[in-house]
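Just dropping this structure here.
The first chain written gets the first letter, and so on, giving A, B, C and D; residue counts start at 1 in each chain.
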Amino acid sequence: MTITLDALNASDRAGFVAALGDIFEHGPWVAERAHAARPFPTVTALHEAMMQVVRAAPRDEQLAFLRGHPELGGKVARAGAMTDDSRAEQGGLGLDRLSDDEFARFERLNAAYAQKFGFPFIIGVRRHTRDSILARFERRTRNDFEAELAAALSEIGHITRLRLVAKMDGPGQPKTTGELSTHVLDTTHGLPTAGIYVELFEIGASARSCLAAAMTNDEGRAELLAGAPLRIGAYELQFHVGAHYAARATSPPYLDIVPVRFAIAEPESHYHVPLIITPWSYTTYRGGG
Amino acid sequence: MTITLDALNASDRAGFVAALGDIFEHGPWVAERAHAARPFPTVTALHEAMMQVVRAAPRDEQLAFLRGHPELGGKVARAGAMTDDSRAEQGGLGLDRLSDDEFARFERLNAAYAQKFGFPFIIGVRRHTRDSILARFERRTRNDFEAELAAALSEIGHITRLRLVAKMDGPGQPKTTGELSTHVLDTTHGLPTAGIYVELFEIGASARSCLAAAMTNDEGRAELLAGAPLRIGAYELQFHVGAHYAARATSPPYLDIVPVRFAIAEPESHYHVPLIITPWSYTTYRGGG
Amino acid sequence: MTITLDALNASDRAGFVAALGDIFEHGPWVAERAHAARPFPTVTALHEAMMQVVRAAPRDEQLAFLRGHPELGGKVARAGAMTDDSRAEQGGLGLDRLSDDEFARFERLNAAYAQKFGFPFIIGVRRHTRDSILARFERRTRNDFEAELAAALSEIGHITRLRLVAKMDGPGQPKTTGELSTHVLDTTHGLPTAGIYVELFEIGASARSCLAAAMTNDEGRAELLAGAPLRIGAYELQFHVGAHYAARATSPPYLDIVPVRFAIAEPESHYHVPLIITPWSYTTYRGGG
Amino acid sequence: MTITLDALNASDRAGFVAALGDIFEHGPWVAERAHAARPFPTVTALHEAMMQVVRAAPRDEQLAFLRGHPELGGKVARAGAMTDDSRAEQGGLGLDRLSDDEFARFERLNAAYAQKFGFPFIIGVRRHTRDSILARFERRTRNDFEAELAAALSEIGHITRLRLVAKMDGPGQPKTTGELSTHVLDTTHGLPTAGIYVELFEIGASARSCLAAAMTNDEGRAELLAGAPLRIGAYELQFHVGAHYAARATSPPYLDIVPVRFAIAEPESHYHVPLIITPWSYTTYRGGG
């Protein structure tokens, strides 16, 4: 059930905290202090006000807040003892079901990170693949303390923005979703190409998994991902064009399955990846933006 | 050691057969009868004359000749009891070292084929990958007798053309080699792109193997295959462009390894597969021809 | 002032003819006979019913109707003695303001056509450039009588469809408009390119004229033509990209004004003509459809 | 008649000056002083030695040398009173046959330039179109004295390099020629496209002139310019592809004459401008380099 911005703007402090107290992990004080800044013209302004409370808090309070977060892929996750939000976020990537080897790798990273910074590694897991989490984990462990504190608070912003948007109705919602789409155009005929089967794979360090599949519609278009942040990582689209050109093809046809491999770096962006194709050539580029 | 066309044209029948008698498997009579057609202006004309002897032979003799060929991937191959030429040809694809499952599949196809046609399946293995041999084997087993006899003689032509070219010096050599090359052009700078690492994989039904690798030269060019027939089959080039664009890249870069997957259908052709690239787009097409 | 389909469906014959009697040039009988087929679920169905009246009319009546049309670029046009609709249609192309040479050419074609077929040349001028009218005029004069009668009635369909749509409100309007748009994408940066100045020229046999100009918007898009049928003919888009790449350019820059020359053959279609560009390359294709 | 480098290296001073004395306009002293630097391993080294003589000369001598050059498009040119080399160079661009307006424009520029610098404007006209000469003339008139002296000597280098290469046989000829070529590839068929008629135009400020025309050969290639420096300026290639696609075309065909407009900035480079085309799309880029 969602709340409207109008209702929030009209509520007293107790109601406000009841509604928003769990947006920041174990941190109802953030909502308490943000209450004074009402009314909020947009959901974005509300989120910014709550983040300002965190950034303005004394260093001790900030660290206590960060320490209230669960470890990524850690024992708390395995034991299931997380807040509902954290459980849903980590579970979506399977971080609560790691193999023993993976669990050991996360344990090592968690230990090194905690020893250096004194709080657990925090990242908006809904914006990442497992590979990009590990890459960031290793890179951020090399940060100095101030840079890493800023990075952790920036990730708190990503996490709470998503939690807030899930709970709120109202104007000025911050952008928390991305989109991956494609468009197949056959320049032999000068027409969009309907009925091309397209598969999307995540290309992991050790494995690949099929995330989505679609047929191009009458305009030659297909939407593969939408309605959520895209996950930073490496992907491959596979366009099954062999059948489309079967009549004019050599045996075997020069092009059959066309792979287009690319990375997503901006979870809230639109990645439009068209394929302009003939039986003997193709062009692809990043459109959208 | 090779022979010149002039020497062959000047030789008597015994010398001619000594030189060419083993071009056609267990068929020295082909050379014997072709001797009368001397002199040959080109190696192509010599080969054509020998093929004409085979096509003009009585049906019984043709069938006996075809029956003199070893089974593909069969017991003779495993036992090593083939002519040197056949052993080298089949061994190049590993058809003498099949797994038990593969051996069983060839056995079934060999049995079905022999029962229907009365002679073993013949194919110019140097022009094929293992996958394309199996595809042709299954397709040709569905032929009627006359179509298949013509197909078998056509393959005899491919096989003996290669054997003859390996043995002969002289003008008018038939074309028995193909070429696979690439060219990387960076249209951000309008310049050929040197130093791009390119790998070539064969994409088999069950596995992929790296066949060749090269760096593009100062003209942005690289040659992957040359000097032999290309093998009919499916391939993937992988262009490692990530490093080239590292300075201007997002993290991770949109393009890192660019795969281009294509089939080769004409073993004696030039497949030129250029990549025209920017950090956010590329075009590829079949050039050459 | 427009009429609703509901009002028409509810009107008696006199009201129906008053509303639609001038859609067919000097042919109120078409509306009179179509009245019986009420009610019409869509404007398209209404138009189709009126065309069916024309096609079902006796040959004599059809010819009399065709003969009621003015000559193209003829004396009637020069004298200004046409129906308002005809005057607006012919005037839009300047057919009422021809040079003496052009007038003479139309006179010759009008004479040859009238002598062969006994009625004036009829064409939906709003779907054509002056060049394509002359090309069709010459081609159709070579038709036999039956083919040309069908061609003339088909053009009556185009003309009256536009007149009807201009007069009617209501569901199921037939498609009478086309669109010409573009999209500039800079693959050096992987982003749409705002602020590119684009000009559209008609490329006539003897001259070129600028029809429209636009700057690409924040999505890199610009619409050049819309809201009317496109005119069959030859065009050139000119993209002024030199300034966009000035910082990285050689002197002079390799690309400055990029011309894309193309023909429009389908007036009611969407021609989307993107330009995917770097300082040293570009790709264009017909999108839309 | 050309001279070999060996002969020059063996000659005495008088012979050396007789051979090379007119390479530098009215400046036999350049050859006289360069004689001491024999032997020259390459023609490039010989040219460099002569340029070094000029750069090492006292400022007065340099200026006297520059003042010995004729004005561009000036009265001397009109009157025909130039050295043979200068006459051929200026005549190639028609600078001795200017219209009165153009003559007046050159007169104004010549006067302004001479007043500021005290010597005539010098430029290697064989590397320029008339438009690029005027553009450089206006730009260089804004230089300060030292920058312009260096620019003038750099142009002396271009001019004398061409004169020397025209006169010499021998190893290590400096590069003085460029090349403009194209390649048409039809990706509907995956084949080079023979028989496409290609025209090359120079796009001047006020007019365009056809410089060359060619048909693509069996490899789809055509060479438009070679054997001389390319002229800095703006060009348009026109590919007549309409006939090639006539069978599958709409009426009129979407693509008929494809213009590719580009600038040449480097006279001694290879501009390879391919066209990869289907009936509904094309890609072009600068290859070569």
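By definition in this document, a contact is a pair of C-beta atoms (placed from the backbone, for glycine too) under 8 Å apart; a residue touches a chain by one contact, two chains touch by 3 or more.
Just so it is clear, the model here is predicted, and its values are computed rather than measured.
Looking at chain C and chain D, the chains in contact with each of them are A, B.
Common neighbours of chain B and chain C under the contact rule above are A, D. Relative to chain C, the most remote chain by averaged C-alpha coordinates is B. Rotation angle, chain B onto chain D, C-alpha superposition: 180 degrees, expressed as a multiple of 5. With each centre defined as the average position of its C-alpha atoms, the distance from chain A to chain B rounds to 48 Å.
Rounded to whole angstrom, the centroid-to-centroid distance between chain A and chain D, based on C-alpha atoms, equals 57 Å. Residues of chain D in contact with at least two other chains: 187, 190, 254, 276, 278, 280-281, 283, 285-286.
For chain D in complex with chain A, the touching residues are 187-190, 254, 276, 278-281, 283.
Note for the complex: chain C touches chain D at residues 132, 232-234, 236, 250-259, 261-263, 265-266, 278, 280-286.
Across the interface of their complex, chain C is touched by residues 185, 187, 190-192, 219-220, 276, 283, 285-287, 289 of chain A.
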